[in-house]
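Next up: some structures, all given as structure tokens.
Both of the next two complexes hold chain A, though its partner changes from chain B to chain C.
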Partner chain A sequence: MISLRSKKSKEGSLTTHGGGPSPRSLVGLALSLPPLLIVLIFVGLPILIGLTFSLGFTTGPNRVIAIIGQQIHKKNHWWGTLGAYNDVIHDSRFFGDLRLTIFVTVLSTTLVLLLALAIALYQRLIGGRKAAVLVTLSIVPLFVPVVISAWAIHTFYGGDGFMRTFFTHFGINFPTLTSTPSAIVIGTVWTSLPFAILMISSGLQAIPDALIESAKDCGASVFRVIANILIPLAKTPIIIAASFTSIGILGSFTIPLFLGPNQPTMLGVEISNFFGAYNRPQQSLVMAFIVFAIASGIAVLYVRSNIKSAKESGRL
Partner chain B sequence: MNKALKSLNLSRIGLNLFIGLLAVFILGPLVWLGVHAFASDWQYPNLYPSGLTMRWWSKVFLDSAFATAIKNSLVISPIVVLISMFICLPAAYAAGRMNFFGRKVFMITLFSANSFPKIGLFAAIATLYYALNLMGTFVGVVIIQLLGTIIYMTWIPAAAFAAVPKNLEEAARDAGASKFTVFRTITLRLAMPGILVAIVMSFLASFDEAQGTYLVGAPGIFTMPTEMYSLVQNYPIQVAAVFSILLAIPSVLLLGLARKHIMGGQLAEGFQLK
Partner chain C sequence: MFKKSMKKPLALFAAASLAVIGLTVPASHAASSTIQVYISADTNIQDLWVKTLVPAFKLAYPGYDVNVTFDLHGDHDAQETAKITAAAVLHKDPGVDLIDGGFTTTLGAAGLLYRPTPGLMPNINDLNKTVLAAGKGGIPYRASSVLLAYNSTNVTTPPATLDDLLAWIKAHPGKFTYNAPNGGGSGYSFVQTVIDKYLSDADRKTLVVQAAPELQTKWAQGLETLRQLNKYTYGQNGTYPANNAETLKDLATGLVDMGTVWSDQFSSALKAGTMPANIKVTAIKNPSLTGGASYLGIPNSSVNKVGARLLANWVLSPAAQNLIVSGTLNGFPVIPLNKLDPVATAAFKGVDILNLRAGYLSANANDLKSKWASTVPGK
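Our next item is the complex of A and B:
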């Protein structure tokens, strides 16, 4: 399969010289350096420094923050200390926050996927004007800044919001959802829907009509077509949608800040609280690393699914 | 026969109901907030405001803090997008067209940088920013916003460059076109929809970025989204509504520009690692 690649690239045959990196390869590497360097300096380096700080390294670049911050643990082994991690794990608030974060992430991701699948399948199998309306509606949140959507949803489901206003006229006391976990779920579903729809619908559109038609000719029901053809063939885009949606929700900040309860809250908000309001930067970073660890687990699924699909289609 | 007709009717009603519910779910909050921008006063549980007014608009336009925030946003975001294009598009071309050593690692590094919780990164970046004297500076804000655009500006154009058929370029070369002409008239032109989508997404990412900008920019530099944080706490809902409409204008304009390509799969294509 590797030979397939080199046969396709014309330059490959021109620049083969004894195993070393080809000039073209070096050019590619050089071109990709600028964004890589930016990411390494402004994302990688802070995370690395943050990791040492969370482990109790309070000198060097961490000196200032260690002086300003409160409840700082200093390292007592050559590798540091787990003091700050211990603090977080034994903080009763943390488990409430973690539970809420995982609950919202799982529930919202599931709802987003179901909604996106339903709409995209309808668009693929039946199509027409109503399908276009559904897809267009679901894309709208992509173009609304998160701060606005959070605030709009806040007022819509609030104590004097539309939902309560509307339903009182029918004698129904609609609950105030703002400042409850339900509002966070509404907000995250709202903001995550466009990406999932775009991913899944483009995955389904790529499946040839002939496959669906021939299955139908053989007497397969719509459900069998969906379960045995459409979903398996669109598996990679579905997994991409699932992983990006869940990683985004896991680290979300603005939505739970505007829509969620004060306590427990999602970890994104708590990271900010610990860093700012409580002035406990070490514990704040520990939480960030915990969220990152969960996100990495999801990211592995994403990368593996991509590599698998690339192998299946012979690109690797 | 009658039964089939009945179930068809039922499913049509169900579908219309679903469309209606989705419309309320998606558009309801936006409309509700938008209408407030013109409402003088709105008492619960009235379905209509007490009166209509434009006074909230003049309040926003006459307030110098709001005007500065609008100006900052409109200056910073285009700069961020231009820098992002300059840095990322060559890399995107390389990732799309050259099978260089470490290409996959490059793509995955960008992705994993994106999956670290943003708010945690902003907390961690403070140390570096103090060391480099970037806190509270224009450059500092530009860099913070740039970070959110990199994944769009590399991944989406990379997929667009990769999708340009090689035989088209070769045919043009055989017909005597120079390398530069081929790149300009074929490669770049065919990849343009993808680049356009990347520009739109990057602009929105930069324009909407609030938390990092607030952490790094405040109290000196406020943009529209960061202004929104303080605004919702300190002003009546109508002012926030006016500001929201203003904040949404660029996004809606860009929607018109790139909707076709975004819905046509350029965005989705960019997120499949190849």
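Our next item is the complex of A and C:
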């Protein structure tokens, strides 16, 4: 394999000959600072304040919510208290919700990836009018608001919906899928498919025909071409699609609210219940941080793959 | 990278934009003849205030102006609660003088509402004392009750008491539903009513007026009854509709023959044609389904308490209450029927308005919603 790494030339480096940052690098830093500051102030700072509230710091910015909320644990050490964390871990609902959330996320992401790969590979290897129509149809959910899709799926699979009505004519008692985890999976796959297809199909289109044809000339079967050439070369878009899809499904709210059971439900709905209906903001924050920790784990995989691909292409 | 000639105008532009942002600080509260009203509810309440109450108030008190801010479905309730609490803590103007919204009871429980006295607001003498006390500063101005809706084609004689209803549910599996209490008040009312079946009158009253965590152990029996209903309610698998609207839809499409609904939402649906005419409502007894008063609140830190008191007192007058009863809202009044227009109140002949069973204090209600979710659905 020819190495694609290019040698770093002295002209491209950002250090001056005498050492220390050059004026160019300072200007670059100053230009990238405003968006970084905005993210730090409007996203990072509230997360930090929320973390302190979950640990029982009820003064300063947390004073108001501590007055309004119920079952607030105030700190009893210098580092805070684990009272709220204990409440959540010992709550009979939490582990059921966590299990359902992880199960739905893994299953939905897998199904989304399989479907997106199938459609994108069909378009790449065979192409033609049918493939174009298939891809266009699968992008349609992107333009439908999630609430509308949730309600439409509810009507379609409900007790008197199309599926049950259709199968009754053949004497089959089709199950009512609403208020079950299956309906959540159907809903999340439906809404996450467009983004995954866009990413993966564009990644596959970027692979030159020459590679596929030369592999076929060497006698590779279609499966070998897919497994050894197409998927490895489209690895980055596939990982991007997988991480964004799974993080999105992890925190989803509307689909599980309308299509899922009341308990166990997904953590997005439970966090909203605890914050709003049960007026327990501290415990809802604890659950939010647990979801955040899981999402961070997925994000680490994404960043690692990005760094790897940047190194391979010589940008890093 | 930037030419030297660009740096000066760029810096000037940045400074100018910051100055403009700084100067657009909202103007301070106008003279005391303007009353700021904040409404967090559905569109029918917005119409009630904007089209009916405010014009009538301005006719009665021409020196006053009323400015209405509307928030649909309470989307910003949490933010508004926090804003008013912060203003109270910092002794600043909260920007609102009178609130009509579900979160008034939360503000009252936190001690942030002005407590009305008959001296300054004489019309509160006409109110039900228990309902007034439960507001903790909130002033009840209209009510609606939860009622039992039934399909009159399939159900010829609806149940008259709670025990009859529970027996009917078991005799007709899959034909009754109520929504999850954390999603809507109509389902919450059914849950609280079943719980109240096993509580004494004294205990019920305590739970309405003060936070009572020690009484919550007595909820166990009611929760067990509800859990046993899981195999008889719609779906027969311990799943319940998410909110009020879904229960109304299930009734209208004939999926269920009976369900609990808010009286005003039901009347509005009938008028709009989304509820077929063969669905009727009835009240049950022993205990009856709870009613909800809607509370007005005057924040302690409001800068125009005089105007807010005047408006709130006027809303409790027979003139305003007649408007609430007779308009499209079909709301229940909160003052005795004999003070009102007999034609408008003919529809309420059978309903005991002043003895509507109150819902629990918000702290207890939130605890009940949480306990229901952990002991009933899916078990």
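Structural remarks
We take it that the second predicted complex is superposed on the first by the 276 of 316 C-alpha atoms of A that agree within 3 Å, B and C clash if a C-alpha of one lies under 4 Å from a C-alpha of the other, contacts with A are read in each partner's own complex, and residues count from 1 in each chain.
Here is the rule we use: a residue touches a chain if its C-beta (ideal position, glycine included) is under 8 Å from a C-beta of that chain, and two chains touch if they have at least 3 such contacts.
Computed from a prediction, not measured in an experiment: that's the story for all the values here.
With the two structures aligned on chain A, chain B clashes with chain C.
Legend: residue contacts after superposition of the two complexes on their common chain; A:67 is shown touching chain C, with no touch to chain B.
Shared-chain residue A:262: touches chain C; no touch with chain B. The larger set of touched chain A residues comes from B, when the choice is between chain B and chain C. After overlaying the two complexes on the shared chain, residue contacts for A:168 are found with chain B alone; chain C is out of touch.
Shared-chain residue A:159: touches chain B and chain C both. In the overlay built on the shared chain, the residue A:43 is in contact with chain B alone; chain C does not reach it.
Contacts of A:236 after superposition on the shared chain: chain B is touched, whereas chain C is not.
Of the two partner chains placed around the shared chain by superposition, neither chain B nor chain C is touched by A:245.
Of the two partner chains placed by the overlay, neither chain B nor chain C lies in contact with A:282.
By the touch criterion stated above, A:202 is placed in contact with chain B alone, chain C being left untouched. When the two complexes are superposed via chain A, 74-82 is the only one of 2-10, 56-64 or 74-82 in chain C with C-alpha atoms clashing against chain B.
Comparing which residues of chain A touch chain B with which touch chain C, the overlap comprises 24, 27, 64-65, 159-160, 258, 275. Touching chain C in their complex are the following residues of chain A: 24, 27, 63-65, 67-68, 70, 91-93, 158-160, 176, 179-180, 257-258, 261-264, 273-280. Within the complex formed with chain A, the residues of chain B that make contact are 15, 18-19, 22-23, 25-30, 32-33, 36, 42, 44-47, 87-88, 90-91, 93-95, 98-103, 106, 108-113, 115-121, 123-128, 130-131, 143, 146-147, 150, 153-154, 166, 170, 204, 207-208, 210-211, 225, 228-229, 232, 237, 240, 244, 247-248, 251-252, 254-255, 259, 262-263, 265, 267-269, 271-274. Taken in their complex, chain C has these residues touching chain A: 1-2, 78, 81-82, 85-86, 89, 106, 110, 180-183, 234-235, 237-240, 242, 253-255, 362-363, 366-367, 369-370, 373-374, 377-378. Across the interface of their complex, chain B is touched by residues 5, 8-10, 21, 24-29, 31-36, 38-40, 42-47, 49-50, 53, 61-62, 64-65, 130, 133-149, 151-153, 155-157, 159-162, 164-166, 168-169, 186, 190, 193, 195, 198-199, 201-203, 205, 236-237, 240, 244, 247, 250-251, 253-254, 258, 267-268, 271-272, 275, 281, 284-285, 287-289, 291-292, 295-296, 298-299, 302-303, 306-307, 309-310, 315 of chain A.
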